[in-house]
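Common to both upcoming complexes is chain A, partnered first by chain B, then by chain C.
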Partner chain A sequence: MSEIRVEGLTKTFGPVVALDNVSFVFPESEVTCLLGPSGCGKTTLMRIIAGLETPTSGEVYFGDQRVTRLKPSQRDIGMVFQYPVVYRGISVRRNIELPLLSQKLSAAERQRRLDTVVQILGLEDSLDKDITQLDNGTRQKVAVARAVARQPRIILFDEPITNVDAHSKLQLKRSFKELTRQLRQTIIYVTHDQTEAMTLADRIALMEKGKIVQCDEPRELYNHPADVFAGWFLGNPGMNFFPANVVAAGQGLALDAPFFARPVPLTGNGQPGQITVGIRPEHVVVHASQAPNAVEARLLRKSITIGRQYLLAIDRQGQALKAKVPPSVGVALGSTVWVELPLDRIVLFNEQGRRAGLTPSELAGASAASTAARVPAGSV
Partner chain B sequence: MTGTNTILEFRGIAKSYGATPVLQDVNLTVESGDFLVVYGPPAAGKTVLMRILMGLETPDAGTIHLRGQDATRVPAAQRNIGYVPQSFALYPHISVHDNIAYPLRLAGVSERDAEPIVQHAAEMLKISDLLKKRPDQLSGGQKQRVAIARGIAKQTDIYVLDDPLAGLDFKLREQLVDDLRGLQQSWNATFLYTTSDAIEALTLADRVAVLAERTIVEAGTPEQLYDAPERIETMRLLGFPQANFLPGEIAERNGSLVCRTPLFEFAVRPDNGAVSASHRSVTVGLRPESIAIASSGSANGAIQAPARVLLQEDLGGEEIVYLDANGVSLMTVVRHDTFEGTIPDRITIALDPTALIVFAPDGKRVGQGVPVGHV
Partner chain C sequence: MAQLGTQIESVAGARRIEATQPRLSRWRALEESRLFPAVLVLPILIFFLVWNIIPLLWLLGVSFYRFKLTSAQPEQYIGFENFRRLWESSVYWGTLGRTLTFMVCSVGLATVLGILLGLLFWGSARMPGRRLALTLLFTPMILPPVAVGTFYRLIYDPTFGVLNYYANRITGKTYDFLGDKELAFWALVAVDVWMWTPFMTLMTLAALGSVPKAELEAAEIDRLPWLKRLWYVVLPHGKFILMLGILLRTIDAFKTTDLVYLMTRGGPGNRTELVGVTLYRQGFEAFQMGNASAMAVIALLIAIAFTSIYLYVLNYRETRAALR
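Let's turn to the complex of A and B:
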């Protein structure tokens, strides 16, 4: 096992810049998910690390070893692709064993590794079956077992569960979590699916336009996006954004926008001007009647969403806002509602769309209000 | 049945390809100004139904009534319906602009009148900067947006959009769902829209028609169908995460009906005497959000059962929790702000028996759970 370090990686395809001067460390024994929309460069980055693609410039290191010019077969990597790569005409057992035979392992060690992956992936009943007797999901499990049992320095997963049925997806996700918990291998997992990344990653490296824009633990990335792209890309639907004014207030600064009942005192570095406020739909608190810190708004539409919550389309003075509220809250709402944005849930972004150096200064009072509005522990 | 505002009606539509029946006895009424979503699993026959409406397929039986007239034999070109087909073909030799303008030209709209329509459609689909390009210079998602723009650029009162967002990436779909809904409202036009995505159907629809097993099994508002499904297919298909189902057996005890499942038993209130002890084998439906993770046996009047947590799936705002309860697989969903940290491996689930819906073997709803102590 080793960490993976890339330095100044750039890859161009004709006029298209697929990777733009990326320097990054994938830590040893961790699962790092490369997440981003199609065309963001995640697959190109993984292929360069695998040796399937040559960078236009920059270097790749596994631990202290520079591998940039090595062939894939010289890099000691395991790979799992979108479609299972397995050998037909031989048993599941042979499929998993074959890569182990080329290594100098004792028979006992070989057996131990086989037993471990077979048990975690739940392949006991399939061991003596031929690959052609298995469904696609089980074949993919065999492909995972092959890659993992060999214990290469690094394992790369390229959208491995995109093409399997829902039941196998669940099993593969469970097995993957169990595998990574027990074996602690260095893994890069490429996906466009935010739920998969949030569920499986130790850390998510979010990519946009050939760059890694943020790398954090899943909840940290979700709760504290470093820029508007991260706020927008994660979430279903993504974060709300609206413009607000930073105004002078006494000695300091305050935030003023139609969705705030009164100017919000700010602390930190900044100056008067325009700023972007971000808040996730599920963090917007909506009341059926007047409430402290809430402003009146129009409810344009409500529709049922995940787990029978309501997704609300709200308008105040021409400014649109989405809110996702529990069923008991949503069902009681008429066409006029009162909206509150808990100050501990708002995120401020500067003109470049990056996190601003300003935060609301009255977080204590606000979080009490928002906690009171949340439903008790239990279901939706 | 037919209201004064009815713009479209399918009556008894049937269609087979060779020996394979695709649609059987499809009946559906669409009111003027409705956003109606025909929702069903892939390959349920949605596209065939839309092609029959467009006049591109002939039904084996049944009639279509459009704007008060029997339109079953009216040629496709005279039906005057805006259409975004599921598999679209753009004209490769002309620009994006001319592709969008093409249906307007066919309809005899002058170039001057067509121009603002094309510009508006392009703006809405965010392809204004692509108007001069040719289709082969576009990505798959861009082509799809051109096809939607072309379908909605036609000036008429009814539009058919056959799964127009399929295959687009998640974030683009989120945006287009808002745009399409806004467009339909501002035009006050009738939209007939197909999808196999439950959240897309619930988000867009004024009314949903569930197409399963070759026919429309049920139609109504999203709330009606979600909260009080009459058919098991509706409960199974319409919702995310999908509903849980348990096998049940009905028995009579002290003059009341009781349903026994592998996990618990509960008293049943039959719908108009529809269920009796003769319905021995039933299926019990339970929405994921109706399963609460109990703190420690404190829930009042609730059915409880021990369960093991298999996987927590993080959607961002919510988590789907996959459970094993005495060998039965269950799913629940919790809002992220309602729990702190991780859920323990072994938990107790609690549910209100009124959330249990009982379906007969033929798929029809026959009863519902009764609150504990109200037999």
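Let's turn to the complex of A and C:
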């Protein structure tokens, strides 16, 4: 078990820059998810850490040891691939044992490790089956068991449940959770599926275009995206963005946009001008009738999503907004609605799409405490 | 006006369709007839019949006759007499045994060397000049046996041969590789191995290429020793292609004639006489057509036996694939 540190890691494939000067620390005994859209470089980063790919420049350290020039076999890692990789023609038991045989372990210790992983992954029934008789989901479990039983310093998962059926997916996810809780090992888990990342990760490292753009605990990342990309990529659907004006008001600044009933006082450093307001669809409060702090808007479309929640498309003065509301609210809505954006839920971004130094000043106080109980429902 | 125009056009169109209709329906009738598949297969069937079946039956027929081209006597039906004589001939059994020895040694050595070379090339994917080395390696395989036989006769030559030049320098003796009773057979095996090792290298590379990259990476990460990597990762994927190569080579080695005939003509004595050579000499030097035909029939049966093994292996793969 050791932390993984990468320094100035760059990898180019011809003209394509897969990794762009990445420096990052994967903390010891934690599950870090590398999350990002296809082609953002997350798999390349993992393969460089595994030693399956050599970086164009930069270094990789496991703890204090520099491993950049070491072969994968010298790095003491375990890896689970996207497609279940199993050794053919032998039983499940032999598959899990095979790497253990070349380590100098006592037979009792081997058996103990085998029993542990088999129990966690629920492989008891298939233990003596030939590997070719198994479906993809079970094969992937065998691959996981094989990687875990070796107890390497670091375990890498490369989108391990992308290619298995829905039922096995759920089962695998559950056993991963169980495994990570028991192992407390340094784990990197690559995925493009935010639900997976949200459920499994201690921390999520969000990647875009060969860079790690933000790394935080799942809820923190969800509630306080560092930039527009993070807000858009997480959540289903992603964050709403609309332009607003920062205007001078008295001695300070205020935020003005059609979705606000009156200009919102701001604290922090900033200049008057344009700013981007972000809010998650499930944080938008929608009323069927007039309410304080709410503005009138037109309801364009109403559809039902997972959990019978309503997904609304709302328009006010040409500005569009998506909102996600519980069934009890959604069912009662007519073509005219009243929309309220809770000030503690809005996030402001500057022209570069990064978090602005400004926050609505009414945030401090009681409202923050009341929202802490609200769970980000959009992650499922 | 425009309407009238389209009307005229459509009438003309209808007429055109009528005109093509009978031809079309005749074609369709042919297509639907039960004979149609047979008609399609007929050309190749005729070809097969004329060039394969008839000569084979003819051969089988001739093997039951005493039939000598140089004799004035008419051919005479003698039943299994030709086969009986072969069965009782210790010389023919010797030839068969020698051929099998040749086959096993040649194919075995070529396979071992080919696999080793294949692994070497596989492991050196980034070596500069690899492509050139591969191209050079494959030249023996594409040379005609006539050329190989001729220049190996020169290499092995006791007076001018380059091999003797060096052998002489080292040991101080002169070797007549192709004239020596002990050496000739092995000299031939060496040439055959030299010729066909590249083929086995090619098959090995193909077999290695069929191993999924992720499995090799997993084996590397799992720190499997290389022997286990070969056994559990490479062989399960590559064994069918490799097997195919070995079987093709086996059938081919059994038939080796041209190389031997060019280099030693079966000599010294009959030390290098293989079934193909015997057959050729019986047929085209002694003109004992009946006898030669009987030998050919036996050779054919042995070849069929090997082909059956080959087909069995192929089918085995398919059934395995279907089960998966």
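In this text, the second predicted complex is superposed on the first by the 364 of 380 C-alpha atoms of A that agree within 3 Å, B and C clash if a C-alpha of one lies under 4 Å from a C-alpha of the other, contacts with A are read in each partner's own complex, and residues count from 1 in each chain.
Criterion: a residue touches a chain if its C-beta (ideal position, glycine included) is under 8 Å from a C-beta of that chain, and two chains touch if they have at least 3 such contacts.
In this text, all values refer to a predicted model and were calculated from it rather than measured experimentally.
After superposition onto chain A, partners chain B and chain C are found to sit side by side with no clash. Which of chain B and chain C touches more residues of chain A: that partner is B.
Of the two partner chains placed by the overlay, only chain C lies in contact with A:T132; chain B stays clear of it. After overlaying the two complexes on the shared chain, residue contacts for A:P72 are found with chain C alone; chain B is out of touch.
Touch criterion not met for A:Q182: it reaches neither chain B nor chain C. By the touch criterion defined above, A:Q290 reaches neither chain B nor chain C. Once the two complexes are laid over each other on the shared chain, residue contacts for A:Q194 go to chain B alone; chain C is not touched. Judged by the touch definition given at the top, the superposed model places A:L311 against chain B, while chain C stays out of reach. After overlaying the two complexes on the shared chain, residue contacts for A:Q274 are found with neither chain B nor chain C. Our summary of the superposed model lists a minimum C-alpha distance of 16 Å between chain B and chain C. Comparing the two complexes, no residue of chain A contacts chain B in one case and chain C in the other.
Contact residues on chain B toward chain A in their complex (touch as defined above): 139, 141, 169-171, 174, 181, 199, 202-204, 222-223, 226, 239-241, 287-295, 310-318, 322, 332-339, 350.
Contact residues on chain C toward chain A in their complex (touch as defined above): 212, 214-215, 217-225, 228, 232-233, 236-237, 323-324.
Considering their complex, residues 50, 52, 71-73, 77-79, 81-83, 85, 87-90, 98-99, 102-103, 132, 143, 146-147, 150 of chain A touch chain C. Here chain A touches chain B in the complex through residues 37-39, 170, 173-174, 177, 192, 194-195, 198-199, 218-219, 222, 232-238, 280-283, 301, 303-309, 311, 324, 326-327, 374-380, going by the rule given at the top.
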